[in-house]
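Chain IDs A, B and C follow the sequence of writing; residue 1 opens each chain.
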Amino acid sequence: MLSKGNQNMKLKSLLLATFFATGLNTAHAAEGELSIGTEGEYPPWSMADAAGNVTGFDADVGNLLCAKLEMKCHFVVQAFDGLIPALKAKRFDIIISGMSITAERKKQINFSVGYAELANMFVVKKDSNLAGVKDIETLLTSLDGRTVGVQAGTTHAHFMEKRASSAVLKTYDTLDQMQIDLASGRVEAAFADSSALQDFLGRPDGKDFQFVDVKVLSTFDPTLGEGIGVGIAQENTELKARIDKALCELVADGSIGKASQTWFKTDISRPCQ
Amino acid sequence: MELGLWQVWEGGWISAILRGAAITIALGMASMAIGVVIGVGCGLIKWARIFPLMLVVDFYTSVVRGVPELLIIYLLFFSSVEFVAQVAAAFGYEGLAGNGYAFTIAVVAIAAISGAYSTEVVRGALAAIPSGHIEAARALGIPGRRIFHRIIAPQMLRIAVPGMNNVWQTTIKDTALVSVVGLQELMRVAFVGAGSTRHPFIFYLIAALVYLAITLVSQGGFDWIERRLRPRTRK
Amino acid sequence: MDLELVFLAVPTLAKGLWLTAILTIASVAIGFNLGLALAVMRLSKNSAVSGFAKGYSTVFRGTPLLVQLFLFYYGLGQLSFVRDNAVLWWIIGDGVHCAVMALALNTAAYTSEILRGGLISIPGGLVEAAQACGMSRLLRFRRITFPLAIRQALPAYGNELVLVVKGTSLASTITVLEITGHAKRLMSQTYAILEVFAIAGLLYLLINLVLITLIRLLEARLTRHLPR
């Protein structure tokens, strides 16, 4: 079957050509441009609208940073637990997505200095017997056997796995899904940062819920990280130096504090140490 | 209103859904086209039992057809497989906005899945061609290339159409899985809309209806092609 | 591949294996019976009955399983009459129950098409002969039509079972911790993407291999009277 042989030869060389074409060296993003990975579904940090434009605290930090570095910015929206893999695959240059700096993540990517920090809290139904708990140890032990919602891949998820492993953990790709399940009663409590949950409590479906009056800080457990930083690829040390310098200046001159006031009604910026 | 029809209209979601549907169709078509190329190539290899390549093709089709599509998509999206990044780069998507890049990776993932199913369809169609036709052509001294163009290819095409219809329907439905990793196609728009308006029912219902419209229209198209290709017989 | 990681990943993912098996078995058990009923309805002379079965199959085969799953879990979960109804909320309120329902309704549509093909393929003479012997309608179905249709449909149904196993992975998107759910969680802890997903993929291949072997054995048994 000569003809088939020929067909296959042709196909084979086509395949080979494709494979070799992919061997070409990947050039990095054009000079003076910075692509920023962000979740886009985490109000008030990062919200993408129907047209794909990103607003929120993360967007403000990104734009301030780019102005300082005199670079052009664009945002790439990506589910939170895919951000680090995507950064490593060079889908974008940096991550700005309210991401806490943790030891685990540092094994994968580099971080800028921490520029913000926020308390983490639980939200429960107003008539729940958890609502009145006042200290963290009691809270963690009384979560035994209860369903708790967290967002996948977050410090909150890792914290729960470590410190409240007897609770039934439900992980969600987005905070919206978690809040829908909290409102419908599929989960009894949700754990996230206070700003994100504040946003939920302000919505109509959050009216029957309240905070548990326990602020879980990163000083309580290191899985909660060392403040929020910009994620940078490990090999990109030159960029890290420039971003660190810019962030310290932006915190010092109050720009990040001002953005924080806009979105959180409080200053969550963290001075350079 | 509980259903949230007003929010769908007011939030500009209708145009977002239509844009998403366009991306879904484009993604489906691009993946299907590449999948058919893969399918014809691998199908020929399987049919002709070309030895070392056949093993590779067998491995490819058994893995892809035995592992959940979702897992394949997660793997391709999350892994730092340079391959995928470089395919995108080769097509000039370097540094472009996220959607172009995500679109390329999505095409690679869906085409790989679609290609495995196409391979089986093509192989089946080739096997269904009576060997007497080819033997007769050879006995008449028709050159190999012409046997392929005149005898094998036309018959294969006709026999493969219903199978390809199935592959296309599966492919267009598989594109919905790409939403989990962030490409702004139809399902993703519904997902974001459901989250931000808190009206999941209406958004997923609309998405389901749009998918249904796409599959029904393409079913009609395939029926038409099948009728056109049917050999005309005297009654 | 990092060995330490393999030792961590295999037992974790194997935990999900149970739920994947339960999801598959429960949805196939429900979906098969529903599919059989739909296939019989499809052949009914009453056009309303056959039309319903056709419409059902068109809708469920024409939309992605993921959309169906989200429509049931998040969509129906939003409606207050569903939440206030104990029975409905038992199904929709729980991720596993909801996934079983969605998978069962979905596979029923495909099963009905496969079984319909099997039912049509039965030669009219056989049924007429059974009629002439005085068999009742039900007995005819049980003794003649059904067994022959199953034998005819078995290879295609085997493929459908593989699709159900693969479909169970979507349950991970509604918080169910089956194999893919565990794999995703493990990925966000270790970032060992390739290793974790490769092991998960192997588990699915293993399940499907067992399933296909069982179907082949059953097929051989059902056709043991035929010359080879």
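One rule holds in what follows: a contact is a pair of C-beta atoms (placed from the backbone, for glycine too) under 8 Å apart; a residue touches a chain by one contact, two chains touch by 3 or more.
This structure is a prediction, so every number in the text was calculated from the model and none was measured.
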item: Comparison of B-C and A-C (more C-beta pairs in contact); value: B-C
item: Chain located farthest away, centre of subunit C as origin (C-alpha); value: A
item: Identifier of the chain whose CA centre is least distant from the whole-structure CA centre; value: B
item: Distance between the centres, which are taken as Cα means, of subunit B and subunit A, whole angstrom; value: 33
item: Between subunit A and subunit C, centroid-to-centroid distance (C-alpha), Å; value: 36
item: Mean-CA-position distance for subunit C and subunit B (Å); value: 22
item: Shared-contact residues (touching 2 or more other chains) in subunit C; value: 74, 77-78, 173, 184, 187, 193
item: Residues within subunit A bordering two or more other chains; value: 85, 173, 177, 180
item: Junction residues of subunit B, two or more chains touched; value: 78-81, 180, 191, 194, 198, 200
item: Contact footprint of subunit A on subunit B as seen in their complex; value: 11-13, 15-16, 40-41, 44-45, 48, 50, 53, 77-87, 89-90, 94-95, 97-99, 101-102, 143-148, 152, 180-182, 184, 189, 191-196, 198, 200
item: For the subunit A and subunit B complex, residues of the former touching the latter; value: 1-8, 11-12, 14-15, 21-24, 26-30, 33, 35, 40-41, 47-48, 50-52, 74-79, 82, 85-86, 88-92, 173-174, 176-177, 180, 183, 203-205
item: Touching residues (chain side subunit C, partner subunit A) in the complex; value: 74, 77-78, 83, 93-95, 173, 175, 184-185, 187-189, 191, 193
item: Touching residues (chain side subunit C, partner subunit B) in the complex; value: 58-59, 61-68, 70-71, 74-80, 162, 165-170, 172-173, 180, 183-184, 187, 193-194, 197-198, 200-201, 204-205, 208-209
item: Of all residues in subunit A, those that touch subunit C in their complex; value: 81, 84-85, 104, 107-108, 152-153, 157-158, 161, 170-173, 177, 180-181, 184-186
